[in-house]
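By written order: A, B, C and D. Residues from 1 in each chain.
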């Protein structure tokens, strides 16, 4: 199972600032291992963010997003105490969902 | 006369331009570091480490919650700012990693030899590294206060100092080759002068760290291991005397400085 | 000359005796390491120069002046001028060698080409902004100094064995320890001294 | 379990229907855009995202360092003041595939995103922004330095 991510959501003046750190290798598919074999690409493909049942943001990642990805976005309409839920899916169909309360 | 003046001026101007170029490059690097400071992936390791600390594991199915890191059983806050130190129960000076391994052995029943021979990020060593991330986070902002009173601590400090200056290998390098003077750089990386309090605190206070170039969390043991690799030395054994001695030397020199761990490094 | 010879052999005797009697520190220190890959335990066996410069006082340029002089002379004696009298290769190759800091670590193989690692410590071609400052800037090296025989031989010697000129220089003994071969050293020479090299523009 | 599965299937069908009938925007049902992520150039990425040309716009800001200490982690932020910003993309011109990431904004999104990308070498970084159905672009060069002892 994939490792948990760190989600932080802060509301300020009606805008929620969300910062997400994900644990993922984001293997490019360009690197070779010690024996010269290509390490297959393994990376997050999509990430969705929902708040109060509504999707507020979506990202698509290629292999060029850095290892242990960081993402920061902002949306309107969330209030302190609401929950922001983040889900990512990778190209091996592994997925992970974590939540944070807006502070 | 005029032309001589002119060319002299030109020379000094171009020398200044050269300086300015290097200066602006290091300023830009500082900006880069600032930009990535928010969102240190060390947090991911810290979270894993906290879980490992609290979870019953090993042959004895016990947690690490009674582990004594020097400030009493279970006390995590501030522990990393005072390590390495002498421990009565093992009659040894231990750094954070060797002490965690002692706890894994005594409380949980793990075999320390396996952890020592495992390699970084391998097997149970991976858990040690995560616990390190968890523990050092709880010393962030605290004053470095590594003891140098017990005769064994003094012995280790002396060994660390000698090891720091020990020059060898095909490139004649010692730690001091890179870390013995102020204001030096390798490429664009600033090299703290570890022989001074300020420089030692820049080293000791920012490691362990998440290392951007390799995309993983490096403990102090791993930092030292890679220094020795670049020094073209043979490999220091994990938690061996020389590695702990160097930590004592650096930590004691750094006393009074601030813990900023876990850091975020190139 | 005879005196010099005596001095050098005296220094060698000192090395020989101290090599036999390993100090407690040396023993404890060595016990903390394992050979790995191409990095054998023999890398901890210090020669006379390394022993002398493991003392912070000597490293700082002070201490036993006579010993220092003897060490510099012994290192000077190791310098071999190029076998065919040719000092210069291709500055473009020299630039590549200067850029690479690879080789000779326990993760390298025996046939890994060792780089000069020059930019790690020196500014050379100004276009490369990522350069260290442990050594002096070499920008305009040849333009400033010209390429008289003295300059050429000194530069070769400095690359070959920097300790001949300063016992505890931070610069590796590149020719002496065969980090670069003669051809590679010629390329680096061209980078520094060839009027066509961008370093001298 | 079975119930859940059936529920999920039903939902998928509904979402598909909604997308087909234009009840929800295409973005919300978007598949990972493989063609765009395989594209080599700015133009090809733009085409595979459904655009034909992109005007340069000063309403887009790229927040990235002038010099990155390491190409493995280069912070890149994009802010747009264009009205009705719907979509954003970060491209690294000299990477094997140009597109690093794209972002599909909702009506509630602020026109801002920040992430970190890998860069093989010094290169132009482009930010593509779709606003009110039209594509815009802005560009910034990021230098990637060689670091450390390894060179």
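Quick note on the criterion: a residue touches a chain if its C-beta (ideal position, glycine included) is under 8 Å from a C-beta of that chain, and two chains touch if they have at least 3 such contacts.
Computed from a prediction, not measured in an experiment: that's the story for all the values here.
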- Message: Counting only C-beta pairs in contact, which chains form the busiest pair?
- Response: B-C
- Item | chain C and chain D, separation of their C-alpha mean positions in angstrom | 49
- Note: chain C sits from chain B at a C-alpha centroid distance in Å of 29
- Note on the structure: Note: chain D sits from chain B at a C-alpha centroid distance in Å of 37
- Message: Quick check: what residues of chain C touch more than one other chain, meaning two or more?
- Response: 119-120, 129-130
- chain A, residues touching no fewer than two other chains: 66-67, 70, 72
- Query: In chain D, which residues are in touch with two or more of the other chains?
  - Reply: 67, 72-73, 75, 116, 145-151
- Item | Those chain pairs that satisfy the touch definition | A-B, A-D, B-C, B-D, C-D
- Message: For a test of understanding, state which residues of chain C touch chain D in their complex under the given definition.
- Response: 99-102, 115, 117, 119-120, 129-130
- Interface residues, chain C side, partner chain B - complex: 25, 28-29, 31-36, 39-41, 43-46, 49-51, 53-56, 59, 104-107, 119-121, 123, 126, 129-134, 137, 139, 163, 170, 172-173, 177, 179
- Message: Going by the contact rule set out above, which residues of chain D touch chain A in the complex?
- Response: 27-28, 30, 32-33, 37, 72-75, 77, 92, 95-97, 99-106, 108-110, 112-119
- Item | Touching residues on chain B, where the partner in the complex is chain C | 18, 21-22, 25, 159, 162-163, 165-174, 176-178, 180-181, 183-188, 191, 195, 228-230, 232-237, 240-243
- Query: Which positions of chain A touch chain D when the two form their complex?
  - Reply: 15, 26, 28, 30, 45-46, 54-67, 69-77, 91
